[in-house]
Structure formats: structure tokens, C-alpha cells
């Protein structure tokens, strides 16, 4: 069986997984590796607290272990990168977290990046992450939209994201915007067009 | 019932808990708060990997919740500070981690501190922690002694700790030494005398 | 004679010392150490310039030396921490400065802290201090209220502090507020309630 | 015509280009993008000084412009990333530099990385680059082997690289090694096996 | 022949050179070194992109080489400091760049400095420079006035500079203002008076 | 009367002042400003502790005030820069400290600098200073020679300085050496020749 890139959504919302899956479309090229998006059944509906982050690591590692034989790589599709370092210790396969990857990619697109967070309480957790990565000097700032993960698909999210993006650009000097939640995947093009 | 400071050893080694308990002696003053040291039964024998760290958070939060009514404060007695931020989100009581507390105290005792780690694989995890705390400039360096948590009580540990401490002092310029594992608690006086 | 924690107000305003003394109340527990608040007679009415800071060190050291036999610890109760490192070199007793202690405590309460300074000219001095401590990444910002130390007890101070606190929280992203002058001690509860 | 990833060696040594081309082999997958390695005829035999770095930018931009219509992306294959930001300003196509890319990749493989530089005079230039990227906290250190670019293919290079790698690992605490010159591409496997 | 301090304007606008020359007046003291301001004929009218910066290095080095025998020192009079490190490698004479010099001088005048940039696209380039210098903690921020180098002498520039200066002072907390273009030299006194 | 640059040695050792005066020779050019080196009679024989540093500020400010009318600038000739910020607040004349000036100059001569300290106890004080300046990333390290200020003129100092300099260069990667005491002024040429 050909190797697969496993993209694991560590929350249990299949809507979020579907949104991630749709966002993978441009990466599914003929002859390329297969990409499978999975939902972590044991996860909470949204990962919003540090407890949510820490709590999904054990089941996420178990799921990854069951997939390891076929895995070309693992992608942890939650902006808090739960289990990123634990999974790296546990497998020899490449492991990516969407938060770390977003930041490293943003660093090739501009000198400073700004993050649109879901909740104000997410920001301290993100700041710890950028500090752990040693890249605080590249962060312009973070602005929260105040919407829970499970409410992202309701109306109003895009408008709030655009407002947050403009504030990051104009007040914080962000040259690149990073969407701080996997559940925002579907808003990328509209956000980019507006900002 | 009077309030209690709960010191939770998140690994399941009662030997380590006993060592922590003994180290509390000078803090048990007449009229002061009661201090109780507990072992997390669900923890691994030693917390040595990122998986160990993340994996104990859920049972540790459950234990803390069961103690909360009487708690004056919680101390997480593992140098990886598992669940520190998760427990802070979950309780209004003060929460301390021995790694964070050790670093902040060391910062009042000298300009740079060095850490004696148990294993080389612990060092990247610690570095992420110092980065998240934004205090990398205060760290002189880390040196590992290459001893597993459950082997700390066997012979040879003190000698390795003294050698590591001298290297941190002489090569890395550490002005303060931090013992990077709760299981090292009993070696403090001998280490200080030797270095 | 039992040991005493000496809290030294290095300015000569007994009003400020009285405010500090009142703020010590919750720390005076039965069976705990005695806490004595002293005024440095040789100090200026308020410590507002770098000259004020440097100028009180010699008399402050003399006062501490006269108290050393009975001292359990020294606390330098001025937000510029005058003589902190000089006193640490001169005594084996623990020495705390309220600025350093405030910052280290704030670092356990949130990821970023903001400082309410008395004067705009205090801010560069504070920034040098945070830089010397290596914790600039934890500082959200500083906002001055433009009130001299000796005028803090007059009307209007609290309103200015609340306005500064809100600006630090909303514009600078501060998660914890630090009051940048010992003379603000009495406003703590009202500020916390308002912000 | 299908799009091409252009890998430009900005020095004029076709040997170096051939080595880069050979190192591309594992990336040339069926169905993947075509990868073409080019030599900048106007470049010096090796890029070893800041003048060399700055001096190749104008011809490199001209070469890139001539290729732009077909380009899927550009890779500047010199560890000083000459013209990286200039080319990013000039084209909408993705532009990668091997130094920036090496560092960002190393940051996903370990907490600290060490660089094996060709000459001692390269190190200050690299340090400016890591500082500009804001990632100095992730750098364990740099060790030079003292071999000019055009001499890398002669005997002794690998031994020096292994010695430098061991020193970076054991004295500087590097968890990942980065080879600081495109001309070292052929030594990767042997270095990894030895260190 | 007596030694000369050569101030090289690396753009080809003789107006800018004349402005620099006028600004040298207070430094031309009896008995002091002679100061000559030169225009780099090969330069673009204004240095506004990274390509402009990198592109002038080769002719700038050639010009410096032709002057070296008589040179007491070289000053590169462009805020992007083109060729600063290349010229330092090429000559034993002291080499100064006005950006580096401005920042180091500003660091003796206040704890934080703000930069008035010409264009928004200049800011990322400046940020890379401050990062390479390792002084990001001293930068309060940058604000662009949106005026091209060749338009600086037209009306409206001073008003925009004053507005930018006030924003840097009031919103970013800048204690010192740095004018981010050699072409702004003539506005110094008026800016200082207004801000 | 023509203006004078006052170079104040804040310790009371006239030998040190004489050494500083001799080192001024190349700066005394025909037509240039007059340079006068003064000894602070109230200072200790050598400034070696934080108490020494803080303790000289009041008399130093008094001396400067008495000189202010004629002063073109003040130079505080002690590597701890005592009173630097206090004097800057007190006078409109330029004030330089030899530590700050040495570091800023070193930053134009190489990417990293190393400091030869007199005593091990000086190093934490210096580190606080580099932190306050926000330039810790430019410091390669510090090595102490273990010689008191008043013993610097005795035999053996140069040999120890050379050994320290070589260690800073070879182990710490320092590209520029800074002599960390005004009393070392006479050893500059011999040190440079040897290292």
C-alpha cells in the first residue's frame, strides 16, 4: 500500500475535519502522496483550553501508532499543536503541527506575522508557543475574534476575521496574517481578498 | 478544616514523593499552613518524555479537582511542570510548578543559572520551557547526568551531579545551580557543599 | 529576639511607609515572622529620578547593616529596587526588591504584564531594569499616570490608574497589571475591581 | 511547457552545481515538478565574502527574470542566501534560500542547531542572518572547517566536518547539524552516519 | 595630502548629496579632518528596494577603492547601509553606515527609538537590519510617510514626518526619533522643534 | 574659556587616572577640543562592587555640576558606567560611559565581542548592563582575570589578559575584545599584538 500523509484533526468535530479536507485540494496532485484527514473521536468538540490541548495527546498518540506503518508523515491539524513534541519522540516519521508550520511559512513571506486567534484566552497559550520556538521577535501581535471553535461556521466569523486582520496590519504592523484555528480554513481566500 | 498546600508528585514513585516530603521539613513551621505531599497513582514511574508530561495532565487535573475545596495552593512537583497552565485555567487557587518556581527563584540569586538534567532528552523540553517563559538569556546552560528517574536513588548520582554542577559553573558560567528533577531533592545539601 | 522581615521604604515619606505597612496586614499571620516597615530618613520625599535611586544606596546599606543581626530578610519597598544588588552583595540574608518581585510574581499569573508608572521619565529606567532581568518579552508595555510620588494620595490618582490599566489591557495586551510605585499600594483593590 | 523549480547556484563552479543536482535526486518523483539546477556564470568560483554575496545579486536577478515565465519557484542554492529578499520583491513566485530553509527545517527537527561553516570569516555573516531572522536563540553555535569552497571536493573535508559536527554536538549542545555551504551537499550521508 | 572622510551617497541624486553636505557643516571644525560628500553615479535616483541596496555594492566598493589611499574613513550615507559589511571586509579604514550609526547614537540618547521610514516597504528591510544588529528590544517601532526618495524635497514631507514622529512618540513609546533616509537630512531641526 | 571634554575617573586612584590620560594622547589633535582627566577624590581606590558603583554617583554628580559650565561633554571612565543615566538626566551636555561606548564601538568592529573582566564578581554586574542595553545577543562571553583594580599595575596582568583574550576568541567565538576596566588602558597595544 502506498504511503499516506495523515492529517489528524484532534478535535471531534467532523465539520472541522471536512473543512481541512477541502483545504487540502490544491495539494492533491497526480503522482503525489495520498492525503487522508482523520477526526480524533476522543477529542473535545473544539480545542480551546490548555486542558483540551494536553488531554488529547494520549489518544492522538494511540491513533498515530495505529497508522504508523503506512504513514509518510503526520500533520496535527490544530493551532495549538497538541502532542507535536510527544509524537516526534514516538515516531521516526516526519511530524508537522499547523501552528509551527504556519509560523515558519509566514517567516518566509514577510518579516512580521500577526495571528487571528479565536478567543482571548488562546493568546497566552500561543505566546508561550512562539516563545518556546524562539521567534517572538517575528510576531507583530495577536487579535482574538471571540468566537468558539464550534461557532466558527455560523455567520459573522468572516467579518470579525477581516476586522482583526486589518487591526493586525494597521496597528500591529503585521506583514503576513496567520489564521489561528484549523476551523478557519475555509475563510482563507475571502480574508486574503478583503485584507 | 484548615487549608492545605497540596504538593503533587505526578509520577507514581512513592520514593520520590517521600524525598519531596522530607525536603518540605524546613517549610513546616508552627502556625504555618499544612503541607501534604501526594503521589499521582496514574502517573508513570518517572516523567522522562514529552508523552509522560502530557499524559499525566488529565489524571492530575482530576486529583486537583477532588482536593480543591481544602486547597490553599497546589504545587506540581515535577521539573517538567506538567499541567501547570491547565490547572491554572481550572482553579482560582494559586498553582506553582517546581521548574518555573526554581527558575524564578534562581533569578533572584544570581544573573545566570545552570540546570542539572537527568537525561539528554530532557534538555530540549526544558529549553522550550525557558523559551516559553521568555528567560533564555538567564540560562547559562544545561548538563545531563544520564540517569533515569527510577535510578536516581542508586549509587553514583551525587558524583555525576557534582561533575555536572562544576561543568555548569566553570564552562557555562552558571552562578546558580538548579536541580532538574524532583527526585534529586535529597542531594541538595551535599551538592551545594561540594560545588 | 525573634527574626524580623525588614521592609525598607527608601524614600523619606512616612505616608508611603504607612501605606506599605497597611498593605502588609494579610501577610501578618499568627506564628509567622514579624514584619517591620521602616522609613529611610536620608531618602528624598519620592524616588523619581535615577539620581534618587543611586543616591539612597549608601544610607540604605548603612540602615540594613544596623538591622542585619535580627533580619530574617530585607525588602526594598521602592519600584526602582535601589540598592538591590548592592545589598545582596553585602549580606547573606535574602533581599527582595518590590519591582523584581512584582515582575516574577506577575510572570506566574499571566503571560504578559503591564506597568502603571508614575511619570513618563520612570519608564526608561524601568525598561533598563526589565532588560537587565532578561524579561523584556514578558512586558506588554508601560503607561504613566503623570503624578509625582508625593501627590499620589491626592484626588484623581485612582481614576488615572484605572485609565492606564485599561489602556494596558486593551491596547498593549497586558494580562496582569503591576503598580509601578510603592505609594500606589492602597489602590490595589479598587484598581482590580475596576479593571 | 510544464513549470520548473529553478535551483540557482550563484557561484560559477559547475562542480558545485553538479553536487547540488545529485542531491536533488530523492526529490525528483514521478508526477512531481521538474527541478533544474543552473550555474550563475557571472558569479565568483565560491561565495566567501560579503562582497561576493552582494555582488551576485544583479546577475542573479537578471537570470531569474529570464526564467520567470516558466518558474514554479526559485531556490537560491548558496548558504548566504544572496538576493533572497531582492528576488522576493521582484517576483510573485515563491523564492527559497538554502540557509533560511535549512534553519527553518532544523527548527522542526530539534530545539537547537549548529552550523558547520566553511571559513571563520563566514560566521559573522551567518550570525547577522540568524539575527535578521530573529532565531538566534535556536542557534547552538557555529564551527568553521577552514576550507575554501573550491577546495571542498579535495581530501580531508569530511574528516573536518565530522570533527566540527562532534564539537557542535558535545560542546555547543547542538541537536541538529546544518551544513553551511551548498558545496557540502555530497557529504550529508557520511556526516550523518559518523555523528 | 591630508586625509579625508569620504561620505558617499550611494544614490545618484545630487540633491540628496547636497543636503548631506549641508548637514555636515557643524562637523567641519578648524583643524578637523576634511569631509567630502560624493555621489555614486552608478546608483539609482533613490535606494528604495532590496535590489537597489544590493545593486550599488559593486560600484560603491570600486569608488571606495579609488579613494582608499587618502581616506581617513568612509561613511555610507544611505539608511539601508548598502555595502557596509562588504566595505569593512575590503578596507582597513573605519567604515560607518548612517543607519547603524543612527541606531547606536540613539541608544545613548534614550532607551527606545522610533524610525520615520520613507515607504512601508522599507520597514521589513530595516527590521532585518535591527535584528542583524541584535537591537530589536531598543526599537519602539517604525512609521512610514509614504514618500519616495526623489519626492522628499517636494511639499508636505515635513508635515508627514511630524505626524509620524508624534505617532512614534505617543503610540509606540519612542524616546528618540531617527530619520530613516539620508534625504531627510534637511528636516532635522524643524522636526525636532515640532516634536 | 574654550569648552573641555571632562573624563572623570570615579575611583580615587590617581595611577588609573594617569593611565587614562596617557591613553587620550592620540585624541588630542591640534584644533580639537581640550580633554581633561580628573580623579574623583571621594571614590574608593577601585570600583569593584555594586556598592562601589552606586556609592560614587552622588559625589560624581556634584563634581560634574561644578564643571558643567565649561563642559563640552562628560566621559565616565569606569567600566561599570556609574552614574551614567543619573548624569544624563542632570545635564544637557553629552555624557558617555566607557562601558556603553566600548560595547557600541565593538558592535561596529565585529558581530560578537568578549569582555576581559577584572573579577568574577564583576561579570553578573556587566551582564545586567548588557541586558539593560538590549545587546546580550552580541556578547560572546566574559572571562575574569582575578586581579583587583589596585593590583592591575603589578606584574602578571598582561599575561592573564592574553590568556583570557585567547579563551574568549577560541572558546567563546569573540570577534572583538573589550578590556573591562579603565585600569587596563595601558595594556591595549600589547594585548592586541598578542591576540
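The chains carry the letters A, B, C, D, E and F, assigned in the order they are written, with residues numbered from 1 in each.
The working rule: contacts are C-beta pairs under 8 Å (C-beta built on N, C-alpha and C of every residue); 3 or more make two chains touch, one makes a residue touch a chain.
This structure is a prediction, so every number in the text was calculated from the model and none was measured.
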If contact pairs are compared by residue number, which of A-E, B-D or D-E agrees with C-F in over half of them?
-> D-E
A student comparing D-E to A-D should find more C-beta pairs in contact for D-E
For the pair chain A and chain F, the C-alpha centroid-to-centroid distance in angstrom is 51
Centroid distance [mean C-alpha coordinates] between chain E and chain C, Å = 41
Using mean C-alpha positions as chain centres, tell me how far chain A is from chain B in Å, no decimals.
-> 31
Identify all positions of chain C at which a residue touches two or more other chains, and write them in rising order.
-> 124, 128, 131, 133-134, 136-137
Can the chain contact pattern be summarised as a line, a ring, a star, a complete graph, or none of these (other)?
-> other
Which part of chain E faces chain A closely enough to touch in the complex?
-> 123-124, 127-128, 131, 136, 141-142
Chain C residues touching chain A in their complex are 110-112, 137, 173, 175
Which positions of chain B touch chain C when the two form their complex?
-> 29-32, 94, 96, 100, 104, 107-108, 133-138
What does chain A use to touch chain B in their complex?
-> 49-51, 53-55, 57-58, 61, 82-83, 85-86, 88-90, 121, 124-125, 128-129, 131-134, 136
